[in-house]
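Next up: the structures, one after another.
Both complexes below contain chain A, partnered by chain B and then by chain C.
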Partner chain A sequence: MNQKAIPVRNRAMTPQRLLVLALLLLALAAPFGIYPIFLMKGLCFALFAAAFNLLLGYVGLLSFGHAMFFGFASYVTAHAAKEWGFSPELAILAGVATAAALGLVTGWLAIRRSGIYFAMVTLAFSQMMFFVAIQAPFTHGEDGIQGVPRGHLLGFIDLNDSLAMYYFVLAVFVASLLFIHRIVTSPFGQVLKAIRDNEPRAISLGYEVERYKLLAFVLSAALAGLAGSMKSVVFQLASLADVHWHASGEVVLMTLLGGVGTVFGPTVGAFLVVAIQNYLSETGSWVTIIQGVIFILCVLMFRRGMAGMLGPMMKKRGIDV
Partner chain B sequence: MANQANGDYIIETRDLTKEFRGFVAVAGVNLKVRRHTIHALIGPNGAGKTTCFNLLTKFLAPSSGQIFYNKRDITHERSAAIARRGMVRSFQISAVFGHLSVLENVRVALQRVQGTSFHFWRSGRSLETLNDRAMDLIEAVGIAEYRHIPAGELSYGRKRALEIATTLALEPEMLLLDEPMAGMGAEDVKRTSDLIRRVATKRTVLMVEHNLSVVADLSDTITVLKLGRVLAEGPYREISANLEVIDAYMGAGHG
Partner chain C sequence: MTLLFGIPIQALFGQLLLGLINGAFYAMLSLGLALIFGLLNIINFTHGAQYMMGAFVAWLVLGHAGLGYWAALLLAPLLVGALGILIERTMLSRLYKLDHLYGLLLTFGLALVIEGGFRQLYGISGAPYAVPEELQGGWNLGFMYLPIYRGWVVLASLFLCLGTWLLIEKTKLGSYLRAATENPQLVQAFGVNVPVLVTLTYGFGVALAAIAGVLAAPIYSVNPLMGSNIIIVVFAVVVIGGMGSILGAIVTGFMLGLLEGLTKVFYPEAASTVIFVVMAIVLMIKPQGLFGKGS
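On to the complex of A and B.
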């Protein structure tokens, strides 16, 4: 039996654990040096990108309509908090549930197609939801839902305090990343990777691949919704920008920049894009041009994204040490 | 059904036909595969062998005709359901999960039966209970030393071996092997032949194969297809003496 024993994870894990620990400490200390609103925006988009990456990186499905989950969850959370007086955690849950339900319906129809057709079907649904967001009275059209109260988390943590708000967002973000990590390493995640690698073979092993894709789609939609809900609480605003197809495109950009199918890639990509938008906003319309140049450079230089490039380099270091 | 399919046969097709926009790839094939035998499907390129495989496993929908598996009409069942009934196919181009390790490849086949394949909240460690069985299968096809290597990095012959191990993990009653020896070196061919023979003692094997010495060596029955029709059927001795068959092969440029 000894020769069959599977070696426990190799030593390369230790530097990786150290890196995670260092990043966590950095994240805890960050609001004392960096504007918290910027950090929270980055974390919300990082979670959005991580949710999107769950689908693109681990199932191989490119959704071009993820803004509908992100944006609609933010509307529902904003509405629930402002009009119905929901506590922030309940308002966020309502947003997540809406995104999951929307994911179930649109996913059920979209997963029958693959490749560019899947992308087009999701885009079509997203455009329909954008139209709903313009027309429906509760979204207040061009104005959006403004002045959303942040409220008290669990009744006693005042989220109007920006530090409290930041640590709440950070906690949700870390928990979500751990959850995504669990999904991709679970028995379910194994089947997803098998489907991504070779769908006909997975079918020939007896897997009804549509059901697995649908569950992955719903999970991804729910997590994208969580990101949108958080954002509406942070900014006290739900607006059309978050259901617009631009947002769907942006999340593709963030994920590709950071590295598809990597754990930290989407986070790196999201912070990069948000930083470009924030710190270069004085340059006006040049922002999109700079963004475009960076995107082209990244695609040319790091085919597998920033994390896809840095990962192997650090691994090499880790083993050398 | 008017008359039940014969119980001696695990697979029986009736006038199985597949048309692609007017091109008839499979034309009224009546194929019977006897239980616990090795049955080979041969024929020149374009004879419809792989199309037959795709029809039997429902990767393609037949234009007309019926397919019976264990006397049950499976003509309208889904591919994955047919696999779960115990009829599992391999592919002409080696089909492995390239980013998964060799061990994980086999485990993917084993884990479906475990019933946790939708458990996205469960730790991946729960799959380690399958490791011993997976390793037995991997050892049986002689690739144990590569167990932690991503399957995509294996040589062609080893990918095929892994594919067979993965297929066997499902304990199929019926194996459909599409050119199992294609691209293999002589040594691998020998090992794979032995493996197929061993496997077939308790199962039924239907295979498409171009290597005629392998076909001669392994199969109990051979069906020769040409232009979508059955040209001849019987044991190798009969088939090899059949002038029509010789002509079909020579005509298509096969030696």
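On to the complex of A and C.
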């Protein structure tokens, strides 16, 4: 009798799991050695990049307008916390819900086109939201929403303490990454990859490709919104810079530099780009120039990013990036 | 004062003229984008930066060499076009076999480098560029005052657009270009040097952007950010028109400029977003664009 072997869940410590464990321990200890604000900024952008990568890496859709979700969620969270007195968790939820709704509308329109057109359409919508942010009174134009209160998480954890704030951001980040990992390994994620690799074939197999794409778009928008909301709580500020097309470009750069379609790549890319911003923040336009140069080098030489370069080396040691 | 729809007629025509001018720039830039996309399958994100460089060439040759507007109108497309050819030969040509998105990413990176470089050198406040002597002043048309320079920009851009259209539709070279857009392998097999054609097309599209930059210099001030401000709107114009037709790009550009001008009169709050709203509507009704072919 030909009985199929039931896969047994392997509980042994593979090198892969050791690496994840080591990274987690490192992240827990990091605020004692490194400036927590820098770490939190890195984590927020790493989440932003992971959300973007969900769309580019697993559905093959390049959105050039993800700043609208990031930036608008950050505005709504800041406004809710400051003007309506929402608690941080509710303010963040409001931001995520806004980003998801915005993702539903723009995604519904944008998925009618693919490839280059999809990129241009998302960029155009994001520019439209940038103009809306300039004109809408609640965003306070050039000043942005300043002095956003961090408040008390669930009523008893004081987020004004930078360690508490850091561990909250870390917890949200890890939970979101697990969520994304769950999405891409689920049957739903398998269909997304099938659409990425061969859309006509996926259609012929009877999948309603549009609905899959739209759901992936909304999930990616909501997660990008979560990153933006967290950032406005951390920095107590929501500003035009977060809705500007530069922010959309930066998240593309982080993902490309780290490695498109890899699990850890976008996080690595995000920390590298944030580090470059921090070290060169005094030099004016050099940040932009260097980002542009990295873009060019990545496209011409390292199309698979850092993870793509280090991946084969680590694979030999049993680690799958 | 004469009123039309409750609006002073002077103001109405003034805004329409501004819209027409904006439309002229949308048309020239989307025409170049469509040309480049047709043959290279690349969306040239650097287009805005190349338009900005055109304006800067005009400003720099005036300041350093004393060369005026008319010399700049000739020099800018040559210099910026040559730089474009260099970019195509050294970088873009490596990407033709890859996913088209890489071309977008590479040209985006180039745009960042160029814009950042000019910002570093010249700041962001911008520099004024005087209207050339021959084109100063204006005509009173009775119902409105027409500055001569603005009339000249509309005429010059119409001339450029129609010239390009004739070049592509009516000449031998244009027929090669159209054939290579359809099927490059076959055209190559007939002995046409397609790679050279591709390089020249990119150079030509970029040169068009540079001319637009020189024309724009006296109207908007010369500013490193002028390119990225306009290029995203031009992308929306391209999505609305669809990149299948040259004439479509021209007509859509002018129409949307006029629409923007009208919006400024009747509902100024929406003037900066109206083109994106039109894009959303077009995506709902005819996703491939007004003049687009297939999907």
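One rule holds in what follows: the second predicted complex is superposed on the first by the 287 of 321 C-alpha atoms of A that agree within 3 Å, B and C clash if a C-alpha of one lies under 4 Å from a C-alpha of the other, contacts with A are read in each partner's own complex, and residues count from 1 in each chain.
Convention: contacts are C-beta pairs under 8 Å (C-beta built on N, C-alpha and C of every residue); 3 or more make two chains touch, one makes a residue touch a chain.
Here the structure is a predicted model, which is why all the values come from computation and not from measurement.
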### Task
Applying the touch criterion given at the start, work out whether A:L154 contacts chain B, chain C, both or neither, answering first, second, both or neither.
neither
### Message
Just checking: does A:V293 make contact with chain B only, chain C only, both, or neither of them? Give me first, second, both or neither.
### Response
second
### Task
Could you tell me if A:V191 is touching chain B, chain C, both of them or neither one (first, second, both, neither)?
first
### Query
After lining up the shared chain so the two structures overlap, which partner does A:R182 touch, if you call chain B first and chain C second: first, second, both or neither?
first
### Message
After the superposition on A, what does A:L219 contact: first (chain B), second (chain C), both or neither?
### Response
first
### Query
Of the partners chain B and chain C, which touch A:Q127 in the superposed model: first, second, both, neither?
second
### Message
With both complexes overlaid on chain A, does A:E208 touch chain B (first), chain C (second), both or neither?
### Response
first
#### Entry: In the superposition, chain B vs chain C on chain A residues touched
C
### Query
Same chain A residues contacting chain B and chain C, which ones?
none
### Message
Please output the residues of chain B touching chain A within their complex, sorted ascending.
### Response
57, 59, 78-81, 83-84, 88-91, 95-100, 103-104, 107-109, 111-112, 114, 116-124, 126-128, 131-132, 135, 148, 166, 170
### Partner chain C, residues of chain A touching it in the complex
62, 64, 109-110, 112-113, 115-117, 119-121, 123-125, 127-128, 131-132, 134-135, 245, 249, 252, 256, 284-289, 291-296, 298-300, 303
### Message
Per the contact definition, I'd like the list of chain C residues that touch chain A in the complex.
### Response
37, 43, 91, 94-95, 98, 100-102, 104-106, 108-117, 119-120, 228, 232-233, 235-236, 238-239, 269, 272-273, 276-277, 279-280, 283-284, 287
#### Entry: In the complex with chain B, residue positions of chain A that touch it
1, 4, 6, 182-183, 185-191, 193-194, 196-198, 200-209, 211-212, 215, 219
